[in-house]
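Okay, here's the structure, questions in a sec.
The chains carry the letters A, B, C, D, E and F, assigned in the order they are written, with residues numbered from 1 in each.
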Amino acid sequence: MQVRLGRQYRFFAAHRLYNPALDDAENLRIYGKCSHPNGHGHTYLVDVVVSGPLNPDTQMIVDLDNLDECVNAVLDTIAHKQIEVDVPELAGQRSTTENVARYLFDKLDPETTRLGIVLERVEVAETRNNRFVAERAAA
Amino acid sequence: MQVRLGRQYRFFAAHRLYNPALDDAENLRIYGKCSHPNGHGHTYLVDVVVSGPLNPDTQMIVDLDNLDECVNAVLDTIAHKQIEVDVPELAGQRSTTENVARYLFDKLDPETTRLGIVLERVEVAETRNNRFVAERAAA
Amino acid sequence: MQVRLGRQYRFFAAHRLYNPALDDAENLRIYGKCSHPNGHGHTYLVDVVVSGPLNPDTQMIVDLDNLDECVNAVLDTIAHKQIEVDVPELAGQRSTTENVARYLFDKLDPETTRLGIVLERVEVAETRNNRFVAERAAA
Amino acid sequence: MQVRLGRQYRFFAAHRLYNPALDDAENLRIYGKCSHPNGHGHTYLVDVVVSGPLNPDTQMIVDLDNLDECVNAVLDTIAHKQIEVDVPELAGQRSTTENVARYLFDKLDPETTRLGIVLERVEVAETRNNRFVAERAAA
Amino acid sequence: MQVRLGRQYRFFAAHRLYNPALDDAENLRIYGKCSHPNGHGHTYLVDVVVSGPLNPDTQMIVDLDNLDECVNAVLDTIAHKQIEVDVPELAGQRSTTENVARYLFDKLDPETTRLGIVLERVEVAETRNNRFVAERAAA
Amino acid sequence: MQVRLGRQYRFFAAHRLYNPALDDAENLRIYGKCSHPNGHGHTYLVDVVVSGPLNPDTQMIVDLDNLDECVNAVLDTIAHKQIEVDVPELAGQRSTTENVARYLFDKLDPETTRLGIVLERVEVAETRNNRFVAERAAA
């Protein structure tokens, strides 16, 4: 049996879907209203799933304060920002939620390793109907 | 007994809390991260509550297609926009969710009147934890 | 200060929107797919709100077992039925959710009176996006 | 038009339904498993609804940090406690959720008055299916 | 790392659990109220999970309009129908949600393949408490 | 393709995080308010996921009444209890939700085997934001 922990976070950010290699008409054709020049935004819900052995004393996978500190430090790099403008790793990229999920997984992975736990999955939802999951590939 | 209908909609928009009469430091003190220059955004959930007599033939308060058409026309004036920049009625105002709820109520009220129903309430949520309600005052 | 209790129930039923005074083409024009001859169905979520003074001994508004018994007896008259066929009060009527909410309010009202509490509201949702509320009019 | 704000909080507490004037058998008959000697507990979700005019500068009903501070101070008097043992106002009373909602309303009311806003309603849910609402009576 | 997309849909349908090889009394014993002759129905929530490489230009797994078109074409074969009567592949079968989930997976699988993505899972919920998952077996 | 069933249950319990090998100050440092002497409690939501072949007659994985009977028998060993006091297997242990999830998995596993189905996962949530998953390790 394995034990995992899933914990929810959220952040607010603005973004605009826009390919700088294309002109406005072509961006509008591909991304529709999501390419409006002044951008729009979302309440992003983030579900972080980690696993690891139980600490024999506390009988917990991880101290939640430690996990929160590490996740919030990553979220602070994207929260209250315009994603494809203010986040260096995503500058010039399409700020799709696929890319947001990958970005968060890549930033969180070394932090959770440092805590002695394994990052299994980062799931990002823009709405109740849609979610994008960056998941560790099976070994 | 009265019969009411509540129906949920949503829109995505960017915004920045910012008082143009104050300097940046003062805006930062009051609005914190919500005054970041490039803005942020939300998934706004909108709950519209209307009432009225049942149509004797259809035994409905209102045809939902008609209601949707009228609500979506109002939401299109704010969706995929930067609220305090692109929405004329809110330009130069604080784009608080209080003001967003009031704006939507004021724009929807004549439209629902035209449909022969009464707009009771517009409720706007930025997150699962917070909602702002613009409600018709008791006569 | 007043104290109220809201409690959720649910039932499953089939229904077909159909006005027997109109022909099939006209029903199709008004009700669309909802008039398909073999019907369709819903998971109806029902929210019952009651109020009353606290019992001085139990310090409860009502014993929940008593409330459940009374609500479930009413729901049993419509659950696992085809609404406009099997429910006598709605036979020949349009089985709109407006009418379902009114039906449940009218059936529940004498039962809750018998329990010494006041039925304030019956709210019926077919989906997360839509709900119909039959509410006691202000005196 | 009026503007209201609803905001969700939560707390964890233990409780036991038990009338000290009755013997164990009678308590068991009335409260069932809820009178088990070592108690049980709940994740209590608390929805606080306030109203008031918009501050002309911030265009908000209330600064959320101020509201949180005032609500959390009240919740701290009951959170992580055994309700009918550790909360003086409820000692010797039945720790029904009806009483918990009333207790929270009574404690919050002077605090929100101090903030210049009106406490309209405190809603306490033990589960997704049940909620108890202490509401300001119409004037 | 792999990236997946989960997207929610829903449909309304009527059904009756009934084994034509058994008599009414035996059907009643096995399926209870779910075998009532006029049927009942559900609001079926459908969660579709797909995976695939990101398109290098759009940086998306799939255009959501394309996915919606393909899922809705499949849902149209069952929505607003009486499942075990109107859906040829399920005629004479038990219209259990297990079978509904399998049916949707089998119909969707070639469509998502045509879009160049992999259908990982179809999850069908009748209520908040119950869901049935048809999942691609590990290779 | 595999078919799984997920079904939600819940129970109410009290608990206190406390390591009897440590003194009160040290327990307070590690577990904070969760080590308050009179304990606190939660509404525990439990999601049970099982798999198995469809019964050729009923075309179901398992009769839900049978599954409920077996899950509820296990939940009765912990519901309305103080976990680390009243549940023998957890006495003297830390009543973390990690341990609650493991306990439920271990108790349920032989019961579901007896029903001819495989217990895949037990997920326990204290709040909307946190869940702990005890999952069968891949063979």
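In this text, a residue touches a chain if its C-beta (ideal position, glycine included) is under 8 Å from a C-beta of that chain, and two chains touch if they have at least 3 such contacts.
None of these values were measured; they are calculated from a predicted model.
**Q** Hey, which chain ends up farthest from subunit F, C-alpha centres compared?
**A** B
**Q** So using the touch definition from the top, which pair is joined by more C-beta contacts, B-D or C-E?
**A** C-E
**Q** In whole angstrom, what separates the CA-based centres of subunit B and subunit C?
**A** About 29 Å separates the centre of subunit B from that of subunit C.
**Q** How many Å are there between the centre of subunit B and the centre of subunit E, using C-alpha atoms for each centre?
**A** The answer is 35 Å.
**Q** Whole-Å distance, subunit D centre to subunit E centre, using C-alpha means?
**A** Once rounded, the distance between the two centres reads 42 Å.
**Q** Among the residues of subunit B, pick out those that touch two or more other chains and give their numbers.
**A** Only 128 qualify.
**Q** Graph of touching chains, which shape: line, ring, star, complete, other?
**A** other
**Q** Please give all chain pairs that are in touch with each other.
**A** Applying the touch criterion to every chain pair yields A-B, A-E, A-F, B-C, B-D, C-D, C-E, D-F, E-F.
**Q** For a test of understanding, state which residues of subunit F touch subunit A in their complex under the given definition.
**A** These residues of subunit F touch subunit A: 19, 30, 93-94, 96, 98-99, 101-102, 105-106, 128-137.
**Q** Residues of subunit C touching subunit D in their complex?
**A** Residue list for subunit C touching subunit D: 1-8, 54, 57-61, 64.
**Q** Which of the residues in subunit D end up touching subunit F in this complex?
**A** Residues 10, 12-15, 33-34, 36, 38-43, 79-82, 85-86, 126-127 of subunit D touch subunit F in their complex.
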